[in-house]
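Each structure below is given as structure tokens.
You will see two complexes here that share chain A, one where it goes with chain B and one where it goes with chain C.
Showing the complex of A and B:
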């Protein structure tokens, strides 16, 4: 067996150019597929972890089919529904910074009081007491970097809807480990957020509702709809489905890539399966004439196929894991992160989609081995005399 | 040692291109005998060697070697028979061009459970014997005709088989190398091997090295003489 393995390695080396080409294509295809699926899986894990922290119900007001401001006082009525533990109005939205061509996500919080300050301290580097002094903001690292590049290191002038300017001082920057969530975030006091968006003092963007028992979520959502028929009530489950749809859409794009890769792979497979070269057939004939059994020949061919396919698979998966988790998936990550947001230098959580890696394995390695063995078996079962004459 | 009994070989039976290569051929070869199969091209010499080597099966009749019906052997047993009993020297030597001389010579030993030391020892023995050791690492495709010939002989003998079959071994060689081959044959015979050579090279007949000659014409034995 050891000698046959040595012969297989020698055989691979002898046809080095061709085998190197097949190995490279094989490894590249698996690298792309494993990379895509690994990054998707890691992002999905991260997104769904984030989803877990979201409120059970979000209430939005809809006018003419579009979301519009909601009366913040409605939160008090919703909080009275049995089963609701809390209902809070939120003020948030996007601010387009034309000079850099990016959107910031502005989130208004109730007040930079003592409790907020201590919460913020755990996730952001705050600059002294500035936070307590009115028009201040805590920004994500991406926002800080974008503003600094445009000479706004300590403060920024927001352009309000009426065209006037509003100076807001940077009071802190979110810590790097929160980058995935905070990169494009600007946290301001709720009143300031309303001012920046041109909203009235009673208005909120939406209302978030906390429910103690998950089983009651659909019932409470229905009750809210009954009390306020002009609202859209979004549950956590709706959000999960929405996230899933986004990933399914992106997965669809990558499914197309997958098909192209598989197509290329099957061209190689077809080439292999359509028969051996006359040189390879002759070699098989010589081996048979020298006393090799058909089984010996097939073992050598199996070793050759294993070295190429399994070697390429293991190398490609290792490279893909290193590329995604070690290098943070340059290029590929940008495809997933969209266009308008600031692209955060986040670190993907290490999580492997073993099922998909197994699927890639079973759709490539055994197929390649079969495509190598079948024509070799055909040639090996011919009379040796016929092959070497 | 070798018994060929009423052997007939028909290629493509029942088809328009049916061809009878051998017809009712019978003869025996004794131990340590050197027999030359002669006859023009297409007379059936190579087919007869293939049948004795169990590379093909006869359409009718049987081939018995050392008491074993090799013409009836299943494929795997035929392979073992070839590996342990037959050393085959092919017309065009049939070396694997991209393997070195050493690798070509040890090819018949590769399916055996031999360690590298044993493989090397066996290869070195035959390489020394046939003066090819200095080319051990040279690729077969870069060898001269004489070197290819010596490598092919060394490969045929590396398993120390009792029977050597040679199919037109001098067909691609000049007179000098052909004479050298006859010397090697003589040496192999001295080692106690049984040798069958299929040839129509007059050199073999002029030097009268064979114990016996069997002449074939159109697949039939026309003459068998000592």
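Showing the complex of A and C:
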């Protein structure tokens, strides 16, 4: 067994050129696949981490199938439902900055008030006094950079819905913990946010509900639906499932397309492995004349396939991990990031699980070995007397 | 419709490749069964002898890929339980369609069948006159429909999963309530369950002691359902340390250190070699004794693993659940 393996290794090196070609192409394919899956997995992990910080339930008002402003007073009624820790109206939305062609996310906070997100709360506390002074904002690093490029270093003129201008000074720039979520954010005082969006004093974008006991979430969501039938109640679980489905869908589509590539490769391998040179045939003939059995040659061929495919797999996965987490996956991450200019220069968190590695393994290595099965058998059953003649 | 989950695609693709190869193997097997004649010196016999190698290689490939793929299949079911509302482990996903439980049973059956085929093949290759070639290919022709059934069930199952329909959690599927599928076993008095389980185990040990391969095979065959039922009814509650949590699937999750994978592997090794030993003895192959020993080691490992939980629970808390 050991000797057969050694023979397989030396046989591989003797035909280095041909094997190197197959090895490289195969490694490249695994690399692409591994890259996509590790990015998906890392993004999913980051999304779920973000999700943890989100409120348990979000209540939106739906009119004619579209989301619209909700009455902020409703939060008080919702807070009375047993089991609800807190219900807060949120004022937030997007502001399109035409000159740079980007959207800012404007988030209204109550200075020194509790917020639905601890990261926002710390911003509100840190810059609380400045925000209270009125007409000031705290911006994410991406926003600050965009504004600076358009010569707004200390302040910015927002165009309100009625066309008038509103001067808002920049009170500070915050360094967010999870860059993915906060790069394009503009934090302002809630009243100012309403003014910028042209919303009435009682209106809010949506209401977030905190629930202490996770088990009670579905019941509370149902009660809210019963009290306000015109609302859409989204729970954290709903979001988690739809994120999961979106990512599964993306990588699923990719894999479905990739299968075509892998089958093309299957044919190439099959062809390459079938086309034995006369030298190779001669070698097999001599081996058989020396007393090698069909099973021995089959084993050698199998070892060759194993060495190439496992080697390519290990190399490609290592490279992919370096590419994704070391270099932050240039080019490939754009597939997932969308095309907005203000999308953050984020770092992918390092996550690598056995499941992803197994998925990459099962979609590549067995396919390679399958492709070599029949050619190996053909080679092993060559007639000794015919090929060395 | 969960066919677009990458893990499901991977499994269906691989089983697709395996099915194609199996089809090829079937075609050759049929010819061999019809035309094989070990004494003939015709070109046909010569070709068949060569082709027999191909079939054997293909079947070995299928088996050795199926082993890890089965573990991956379970892992995928666990993953899907994150998406399906109501499911908390693979049990819910398995029961999401009517095909799920059958798929599971047929998959396990396939592992045993392919494994036994390889055993017969190994024995056959050691003999100069290949006496079992015809029977073993006939055996494969019989296995083939089971394999196709598995693939068909797999498509029906994964295709039929609807992520919007709430499925049952293992808590209800394996409860003692009358409606659950296994209530009859769960409500068995504990002494009866344990008596059956350890009695069966003692039978295996005795069969090994008196070197009776047939008894070993029968006892091991019986041990598969007995072990699983007792696991559901009794041992699993101690792993979870909850008196009403009877589930053979949650064991496979990280919360319980993936102990299920070790348990089921030990059980498979134990029972498989127990049956294989009898086959080897029938075919006059000397490995029978060695395999009986391996079988015993696997079974002891399984029994030790499942027994550890109640005993350690009792030692820690001084009471039984």
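FYI, the second predicted complex is superposed on the first by the 295 of 389 C-alpha atoms of A that agree within 3 Å, B and C clash if a C-alpha of one lies under 4 Å from a C-alpha of the other, contacts with A are read in each partner's own complex, and residues count from 1 in each chain.
The rule is short, and it goes like this: a residue touches a chain if its C-beta (ideal position, glycine included) is under 8 Å from a C-beta of that chain, and two chains touch if they have at least 3 such contacts.
On a predicted model such as this, the values are computed, not experimentally measured, just so you know.
Student: Touching A:37 in the superposition: chain B (first), chain C (second), both, neither?
Tutor: second
Student: Tell me the contact category for A:7 with respect to chain B and chain C: first, second, both or neither.
Tutor: first
Student: Between chain B (first) and chain C (second), which does A:203 come into contact with in this model arrangement: first, second, both, or neither?
Tutor: neither
Student: Kindly classify A:256 by the partners it touches after superposition: chain B alone (first), chain C alone (second), both, or neither?
Tutor: Second partner only, chain C.
Student: If you stack the two complexes on chain A, which partner ends up touching A:384: first (chain B), second (chain C), both, or neither?
Tutor: So A:384 only meets chain B here.
Student: Pick one for A:283: touches chain B only (first), chain C only (second), both, or neither.
Tutor: A:283: touches chain B, not chain C.
Student: With the two structures laid over each other on chain A, which partner does A:294 touch: chain B (first), chain C (second), both, or neither?
Tutor: A:294 sits against chain B and chain C alike.
Student: In the overlaid three-chain picture, which partner chain does A:310 touch, first (chain B) or second (chain C), both, or neither?
Tutor: Neither partner.
Student: Residues of chain A touched: more by chain B or chain C?
Tutor: C
Student: On chain A, which stretch or stretches are contacted by chain B in one complex as well as by chain C in the other?
Tutor: 294-295, 381
Student: Using the touch definition from the top, list the residues of chain A that touch chain C in their complex.
Tutor: 37, 237, 240-241, 244-245, 248-249, 251-256, 259, 294-295, 298, 355, 358-359, 362-363, 366-367, 369-370, 373-374, 376-377, 380-381
Student: Flag every residue of chain B that touches chain A in the complex, lowest number first.
Tutor: Interface residues on chain B, with respect to chain A: 50, 53, 55-56, 75-76, 79-84, 86, 88, 90, 94, 96, 98-99, 103, 107-114, 119, 155, 159.
Student: For a test of understanding, state which residues of chain C touch chain A in their complex under the given definition.
Tutor: These residues of chain C touch chain A: 3-7, 9-11, 13-14, 17, 21, 50, 53-54, 57-58, 61, 65, 68-69, 72, 75, 79, 82-83, 85, 125, 163.
Student: Note which residues of chain A are touching chain B in the complex, please.
Tutor: 3-4, 6-7, 10, 14-15, 282-283, 286-296, 381, 383-385, 388
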